[in-house]
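First, the structure itself, so that you have it in front of you.
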Amino acid sequence: MPITHITRRERFSAAHKLAKEEWSDEQNMEVFGKCSNPNWHGHNYQLFVTVKGETEPSTGFVVDLSALGDLIKERVISKMDHKNLNLDVDFMKGKMTSTENIAIAIWDQLYEPIKSLGAELHKIMLQETENNYVEYYGE
Amino acid sequence: MPITHITRRERFSAAHKLAKEEWSDEQNMEVFGKCSNPNWHGHNYQLFVTVKGETEPSTGFVVDLSALGDLIKERVISKMDHKNLNLDVDFMKGKMTSTENIAIAIWDQLYEPIKSLGAELHKIMLQETENNYVEYYGE
Amino acid sequence: MPITHITRRERFSAAHKLAKEEWSDEQNMEVFGKCSNPNWHGHNYQLFVTVKGETEPSTGFVVDLSALGDLIKERVISKMDHKNLNLDVDFMKGKMTSTENIAIAIWDQLYEPIKSLGAELHKIMLQETENNYVEYYGE
Amino acid sequence: MPITHITRRERFSAAHKLAKEEWSDEQNMEVFGKCSNPNWHGHNYQLFVTVKGETEPSTGFVVDLSALGDLIKERVISKMDHKNLNLDVDFMKGKMTSTENIAIAIWDQLYEPIKSLGAELHKIMLQETENNYVEYYGE
Amino acid sequence: MPITHITRRERFSAAHKLAKEEWSDEQNMEVFGKCSNPNWHGHNYQLFVTVKGETEPSTGFVVDLSALGDLIKERVISKMDHKNLNLDVDFMKGKMTSTENIAIAIWDQLYEPIKSLGAELHKIMLQETENNYVEYYGE
Amino acid sequence: MPITHITRRERFSAAHKLAKEEWSDEQNMEVFGKCSNPNWHGHNYQLFVTVKGETEPSTGFVVDLSALGDLIKERVISKMDHKNLNLDVDFMKGKMTSTENIAIAIWDQLYEPIKSLGAELHKIMLQETENNYVEYYGE
């Protein structure tokens, strides 16, 4: 059967900052600039989850998109939307909340569950603003 | 010569449904949900056709984009725009009109004709709604 | 209190056609062009509902956006999404499903219920494709 | 001279929450839902500032757009971008940070300074997410 | 009959500059900045033409959108697309090609012809970049 | 350390034409169509620069996005924005200004400087209009 990639977009709005707790505000400002604002800032993140697999002949689906959407909502969106990524999200604890690290952490949240849908996670794409996004392929 | 990928977007608005003729409406609703509505629904599809090749030194082109656009219009858009994908499109006959299957069928429509333009089809990307799209590389 | 306008976007994907039942396919094609395809076509509609009112001092809201969203889903989206606008929608029965007429019908669906939220419907904006949209102010 | 409206878009990413300090977290959650998350959340706000005026014959301008952009950056963006709207912004102190209230406060920040550019502020449009935006005309 | 507004988008890609011929490059640079680059620059303009009228009962249309599109293409797009707005466009001769002036000139091109379609031109909206646009209502 | 791709978008508005100097206007029109308009035309180009690398553990960054943005502005945007790509840009001299060639030339401008930021250029994506874009991977 032909192999296709299918992508589902979900969104979340969250607060975060880039700062090391052991550094002073001045040191953080020097390295992370305005992203280290002590009182936080935030974004409308767009998350694109791409899975890969053979199309199932009777449905023409790689994966049931609605089941994939539910899984992303359960494992990621419900934990990140309208939250503080540094303080409220269990799987970000102790990590810098750079877009790179968030994308990697979302991969880890979704990789096994997507297998149980019969498909394979191919890529996490996470867009922080209209001017930047990160892609992670599990490498 | 350097190898580049160039992508042309075209659009079509079409009706379709996801349903097996041999199943009852209830069975179809159970598997395909609202996508199986007996009286059809529809989308504004966005089609992105990516071709790959060496840039021709005298023009700087991989392919004449306007010729590529005409070919896509002739082979795909004229047959799908303002049509019913299940009933009106010869190359979808007997197939589930999932986004995956439509993308694969469009690949088959375009692969050989694009060769005759001196380029190679690399990817079909088909976006059904702002929340989902399929990519097919002919694998 | 200051008066502001707040707009909520919702989306629905639907099939429709522009055709008079009492006309032949040829007559319909002459007047309505490809929009009259007998087997239907469809769109991803974007609906923007704008309400107007004084901001309530304790909340800073004109209206509870989430209640407004629920109301639009109940009165409009649940009846139009993944449906056939000509056949499946009670409040479009017997009407041409032009973007103009759909916008007017949605206004009528929402005007009174929005009043009961304590706000006033100001505008319905309905986008059929990226190249056209209709605005209706209840005039 | 003809009267035109010209609009400049600027953007800011900020944290905020909707909550009354004198209420418990539970009370706030009941009224403001997920927007009251105690540890904040955030958005990529898009701000559209529309000014109105006669076009100046020798330049064809209503206003020098680059001067307008600088003014918006100085009076609004530099104070809101990568900040906490509840804690860091002097002109939001003591106010609910609803989109409505932010738009009204931005109007007050810009009304007089835009006059000194020889134009008249006509509208503030502030988009919080792709699903909602507020318009304020100074009424 | 209800009155609706319907908008048609068309696009054109064009070169231009903002500069007075009787001034030196230095003087133009001082007033118009980088927009005065002697060798031109250019944009992908988006034109939104809004017409207003009663919906015609038998069709549900304010105006035949396809006829409106043809008219805009004939009177505006064919003269501006892939052209130099200062040198190639008859109806811009001797005018500063500010977005304001282009919008006003397009209004003048379309006002009477749209009347002959049985509708009334309501607004020209012209977007030069994603950060700025002009609206003109014929005032 | 995990390998991620991060992309930065920058924009420039420029004039250009596709034409061979040694050909007549008629010959150029025959091969390049409206893109050969002697008096130029122009576009709002969107440039997406993707770099690839290991995320640095203490920051969570592949590269300092703000430094990457500055580098793109210095090496590309300052030379192309509000310029004529055929006449004003040193690194395009003597080349056809096809989207393919511009993307390749931008790669050459950025490849070594990005190395000095500790990352590796992975892809240049250049969008000329909403209907076409080019990708170049340095092959």
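To keep things simple, chains are lettered A, B, C, D, E and F as they appear, and every chain counts its residues starting from 1.
One rule holds in what follows: contacts are C-beta pairs under 8 Å (C-beta built on N, C-alpha and C of every residue); 3 or more make two chains touch, one makes a residue touch a chain.
For clarity, every value in this text was computed on a predicted model and none was experimentally measured.
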| item | value |
| --- | --- |
| Any chain in contact with subunit D as well as subunit F | A, E |
| Chain whose mean Cα position lies farthest from subunit C | F |
| Approximate Å spacing (C-alpha centroids) for the pair subunit C, subunit D | 28 |
| Subunit A and subunit C: spacing of chain centres that average the CA atoms, whole Å | 33 |
| Inter-chain centre distance, subunit A versus subunit E - centres from mean C-alpha coordinates, in Å | 41 |
| Junction residues of subunit F - those touching two or more other chains | 130 |
| Chains touching one another, given as label pairs in label order | A-B, A-D, A-F, B-C, B-F, C-D, C-E, D-E, E-F |
| Touching residues (chain side subunit D, partner subunit E) in the complex | 2-10, 50, 55, 58-62, 65-66, 69 |
| Subunit F-touching residues of subunit A, taken from the complex the two chains share | 18, 20, 31-33, 95-101, 103-104, 130-137, 139 |
| Touch list for subunit E against partner subunit F, complex | 11, 13-16, 34-35, 37, 39-44, 81-84, 87-88, 129-130 |
